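Which chain is which? They are A, B, C and D, in the order written, and residues in each are numbered from 1.
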Amino acid sequence: MAGSVFGNIFKVTTWGESHGPALGAVVDGCPAGLPIDEEYIQKFLDRRKPGQSEFSTKRNEADKVNILSGVFEGKTTGTPISLVIYNNSQISKDYSNIAECYRPGHADYTFDQKYGFRDYRGGGRSSGRETAGRVAAGAIAVKLLSEFGVEFTTYVESVADISIDYSRFDKSEISKNMLYMPDKTAAEEAAEYLKNLSADKDSSGATVKCVISGVPSGLGDPVFDKLDARLASAIMSIGAVKSFEVGNGKLASKLKGSENNDEFYSENGEVRKRTNNSGGILGGISDGSDIILTAAFKPTPSIYKAQNTVNSKNENISLEIKGRHDPIIAPRAVVVVETMAAIVLADALIMNCGSRVDNLKKIYDR
Amino acid sequence: MAGSVFGNIFKVTTWGESHGPALGAVVDGCPAGLPIDEEYIQKFLDRRKPGQSEFSTKRNEADKVNILSGVFEGKTTGTPISLVIYNNSQISKDYSNIAECYRPGHADYTFDQKYGFRDYRGGGRSSGRETAGRVAAGAIAVKLLSEFGVEFTTYVESVADISIDYSRFDKSEISKNMLYMPDKTAAEEAAEYLKNLSADKDSSGATVKCVISGVPSGLGDPVFDKLDARLASAIMSIGAVKSFEVGNGKLASKLKGSENNDEFYSENGEVRKRTNNSGGILGGISDGSDIILTAAFKPTPSIYKAQNTVNSKNENISLEIKGRHDPIIAPRAVVVVETMAAIVLADALIMNCGSRVDNLKKIYDR
Amino acid sequence: MAGSVFGNIFKVTTWGESHGPALGAVVDGCPAGLPIDEEYIQKFLDRRKPGQSEFSTKRNEADKVNILSGVFEGKTTGTPISLVIYNNSQISKDYSNIAECYRPGHADYTFDQKYGFRDYRGGGRSSGRETAGRVAAGAIAVKLLSEFGVEFTTYVESVADISIDYSRFDKSEISKNMLYMPDKTAAEEAAEYLKNLSADKDSSGATVKCVISGVPSGLGDPVFDKLDARLASAIMSIGAVKSFEVGNGKLASKLKGSENNDEFYSENGEVRKRTNNSGGILGGISDGSDIILTAAFKPTPSIYKAQNTVNSKNENISLEIKGRHDPIIAPRAVVVVETMAAIVLADALIMNCGSRVDNLKKIYDR
Amino acid sequence: MAGSVFGNIFKVTTWGESHGPALGAVVDGCPAGLPIDEEYIQKFLDRRKPGQSEFSTKRNEADKVNILSGVFEGKTTGTPISLVIYNNSQISKDYSNIAECYRPGHADYTFDQKYGFRDYRGGGRSSGRETAGRVAAGAIAVKLLSEFGVEFTTYVESVADISIDYSRFDKSEISKNMLYMPDKTAAEEAAEYLKNLSADKDSSGATVKCVISGVPSGLGDPVFDKLDARLASAIMSIGAVKSFEVGNGKLASKLKGSENNDEFYSENGEVRKRTNNSGGILGGISDGSDIILTAAFKPTPSIYKAQNTVNSKNENISLEIKGRHDPIIAPRAVVVVETMAAIVLADALIMNCGSRVDNLKKIYDR
């Protein structure tokens, strides 16, 4: 039942419920000497903040991060970094009507089955708010990776059937529209679709893509901690994610070997690939090209339409969910996907240092 | 760089290279008192054996499992179970032409990048043969789960664009055709497709589906060891898997909340769901309905067509791969998907026993 | 470098430096349904509070614990429990003279060697204050164990050469004298000794004994997670502990087999032992009799006497340590030994639930 | 119940029972490029072989190690190293009289309590033979450490009350006498003592000391994976060990701070210590001086004297143990202590590489 610790060396523990006094994370195993401050981390938390757009909830969550340990004179000390985000006074009564009932698509029923009872306020630990701790911790991983030239480009690739058109791909557009799509036209079309859906008391699924450049080759630890296996674990652990793909993903099941293989070639003394169908990972180890991930998010399960369900007394009931809920999960989850991927890569980076005797000797040479 | 241990309590360590003297696994944390013998395990290994069909390699791999510890008088003792599969005299010269070159779609290049050198014979540790240890270990997990009524149905769902038709679904058909498809017509069509592909020195991708019934509700450990996250990690760690889906999977990204939510209802005092779009997992915890997973396998990267690539001296070369290679990976991987899923579930089952104080008291009540 | 997470399932992460804004712990894997509140935990923290006696430091540390997550309506929910203890405004200038120098017997030098720099204020992470998080977390373990009838008796057994006389053993005396000794006469003698030592600007070592009754047989996981190995790890991780013994401990090296073996006998249908030289553990597994541990604490390294040492510029210097430091560590560490032992036992208790298939079936029987 | 995996990155899994077909270990996480062969490992196994002296058992255990994976062309490949030691045809009937009874000082009773039944042949998993796997795995750790100049001196320091005299210390003597004592006179005296004890059907306790030179400063991961905590865990996990000490050990509890502190001084630009009471570890991190450990072994519990005990039917019985048993455990355990310490240090060495951003950059600098 312990499942809130992630990572082998760069080890993240998250804690906190939607309506408790605070949420947070502890990062153990971050190397000493990394410059970091609350301002840096805050930028990531701001990206998952609700109330940013007309498609996200109107609750006022300041989500201000506090560093309580592990940083001294602006640098990490190598000791655990404790990050806390205090919850503003949440009014719990919005959720009182769900205390006794099992919302379709939610974890109410399974938490009761597992633990015997649950903190029902706002979803408790199964709320999307839980990801605040992940984002704060993952921001430190992004910072660590940035020291090695690693960069992330993460965005919403599709909303229902509306996909971005890569011929219109514009990275700068991602932070400009409320759906974090790198294609203004697609973003406008999707916005219109969501508006109508909201009016219909419904919600939509979407996909998020994460492209990571500058990753050194050699990261990932076969056979069970292959880089793609670790990334899959990290991304699938985000609430509402129903599929994970790397590179060509599911499409690879439809291709021929001659179509899917990436040819190597040598140029200026470096080994490169003509295509990147593998998504930057071969045999579970990074190959130096871009790492490409896709996650599919289910539609928000909290919809305003009346739904049939049961309560904890096992009675059939009709439920109308109140409160404020986004009609789409993916835009706010973009930064969650990015930071979870960063945690995996930071961990793999540190793990890789011990993989060769000559590497160890570089450090211990006296 | 340590990545060959999987699981929190039901802990599996695998070892072995394609052309070394043996491969194997150690299962630590299997409860005592489980009846098990070599014959039971052997049936699972036989399902991944090559030479079963015209689409799998003709190498003669007996893959006979030996139990070296942890079983006494036909039952597990609670101590580690060591499983060994000796390699028959493999003739390495088939692979001598690849010692120096980086095969497209293979891990040759990344292993060299990570470890500085590699056992190039037959792919070494990155060979599909590595999964023999997983299957042997996972067979014990299947046995443990069977004591609780858990059952697996695993099969090839599609080969390239040829999908099974669920109106023709016939479970008994799975073991009858060489592609492990539960639809005779689709299997025949796919066989024809692969035959032509082989003639063309090419290979094909495919998908594998695993449906698990009888899983108790309450398994899975949020937030990082959610059941779907653990399953994703297990399945994505299998060589050639490029996507992982649970329930509706990627399709969920295209649906509305009102379409994707599964309504609960009460019948005969039990909570049930009208649909199972979630694939048996809600909030990362099993809900008692069937668990449904889909894995996409890329086409076999070893194709007989000439391919451009580089060698370890960084020279551009043309490569024609020799030896015997399946034109499709998925059929032999069906049992690998099944046993890896079983390892995750066995681990989650044992983990779950401590999730409630009242559960613990059932055992310690004196 | 990640070393702040302890336990397999009942998993404790601690964080915090002596002079940072706060210290704390996260307990992951505590079963749901355990009644717990801040008041219960506070009693344990109060036992390690300084300023309790004339032999402990006069700094005013309120050490008030706050539960930030994982407890709802007075009971644990099975999700991570976050515990925070805010530091009162610590005036750092007391320690400014040690920023640049390596105190004998302290971790200043080794932290610099490992991490390149350190939070020098009050010892930072290597301060005894670090144990506050352990005690808060461990109090929850004690509570869990108390549900199964487990009880702890922990005390100072000796101060330098002054040992308690077991013919005068009085459990109620432990909390009455300032040295936590269960023998009033020995406590008075030791107090007198320490008074003279303080006048001489020196400090003293001591031993702490922990006797644990009511532990069910069967706890501990051979061969590496034997109960005594886990307890050794837990106790030796407490600052200043230099030896760990179980049962007869080092004395066993001087005995004959016929003296050291504990004979079993049967009485009223129960298996018992005539003696308990083994300290309640056989083959790394609890045998149902009292578990008996002894830890030796070195003398407080911070003494007021002038000492020769070096500074971070590698210059030989003479150092006089300022500030307030206990002349003895052990009395305040009594509760740390107790709570660390409890964390190990709670973890082993939960781990043990999966050791037999029949145990698992008790829970899953449907 | 999973307790047979040890280490964070340099991860050792052992398996095997006294009278099963084989015992062994898997070493995962050993860096690639380390020269190793069976001959090197065999030397360590030979040091724990019985039948070496008149005080060890006469069973014929060849203990020949086989490397089944992870080594290619004489060097480690970075993949798991599987080590197997086949048991020669053990005749089990010697042990048949103990199948039903609980030997005093043995784990028979506790294994039955934990697992419900046990492999009673020769002690099964709780036999001293279990350490063969540890020694084989640990030999690889010693080899890795030797590349960095680390050296071990391990010996029996005392047998009952007969201690070595350090004025007569002679390292070369260790391998010359059958008790592995570095003092010929003490060894002779102890041999005489044991001879008389054997005649009296009794056994003796002893202590083992391990001194490790050349360990780089900076190893160990506070607060729970402090180097001494990890070493304690490793050494206490060896059967029959009842106490663990580092440096002055228990003696520190009797000393004053002014006596126990080690003064630093600077010489030729290096920081040194005038004494080494701390045993080479400060704040849980190696300080560059010798690491000094002491383990106390209880007397062999299998004695030929008649003992009162109970059987598994709960009946009081008298037991006379047959078979061949050493009257002292420590000499054969010398190499076990050494190799377990090596596993801890190898793991800490690799862990330390990620502790500083500048260290990571040394490897990733492009």
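Here, contacts are C-beta pairs under 8 Å (C-beta built on N, C-alpha and C of every residue); 3 or more make two chains touch, one makes a residue touch a chain.
These numbers come from a predicted model, not from an experiment.
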item: Pair of chains joined by more contacts [C-beta pairs], A-B or A-C; value: A-B
item: Chain whose mean Cα position lies farthest from chain C; value: B
item: Whole-Å gap separating chain A and chain B, where each centre is the average of the chain's CA atoms; value: 26
item: Chain centre separation (chain A, chain C; CA means) in Å; value: 38
item: Contacts with 2+ other chains: residues of chain A; value: 1-5, 8-9, 14, 29, 31-33, 78-79, 114-116, 125, 222, 351-352, 354-356, 358
item: Contact set on chain D toward chain C in their complex; value: 1-6, 8, 14, 102, 104-107, 109-111, 113-116, 125-126, 130, 158, 160-161, 197, 202-207, 217-226, 228-237, 239, 241-266, 269-271, 278-279, 281-288, 296-303, 305, 307-310, 314-316, 351-352, 354-356, 358
item: Chain C contact footprint on chain A (complex, rising order); value: 1-5, 7-11, 13-17, 20-24, 26, 28-29, 31-33, 66, 68-70, 72, 75, 77-82, 84, 114-119, 124-125
item: Residues of chain A that touch chain D when the two form their complex; value: 8-9, 29, 31-34, 78-79, 144, 147-149, 216, 222, 349-364, 366
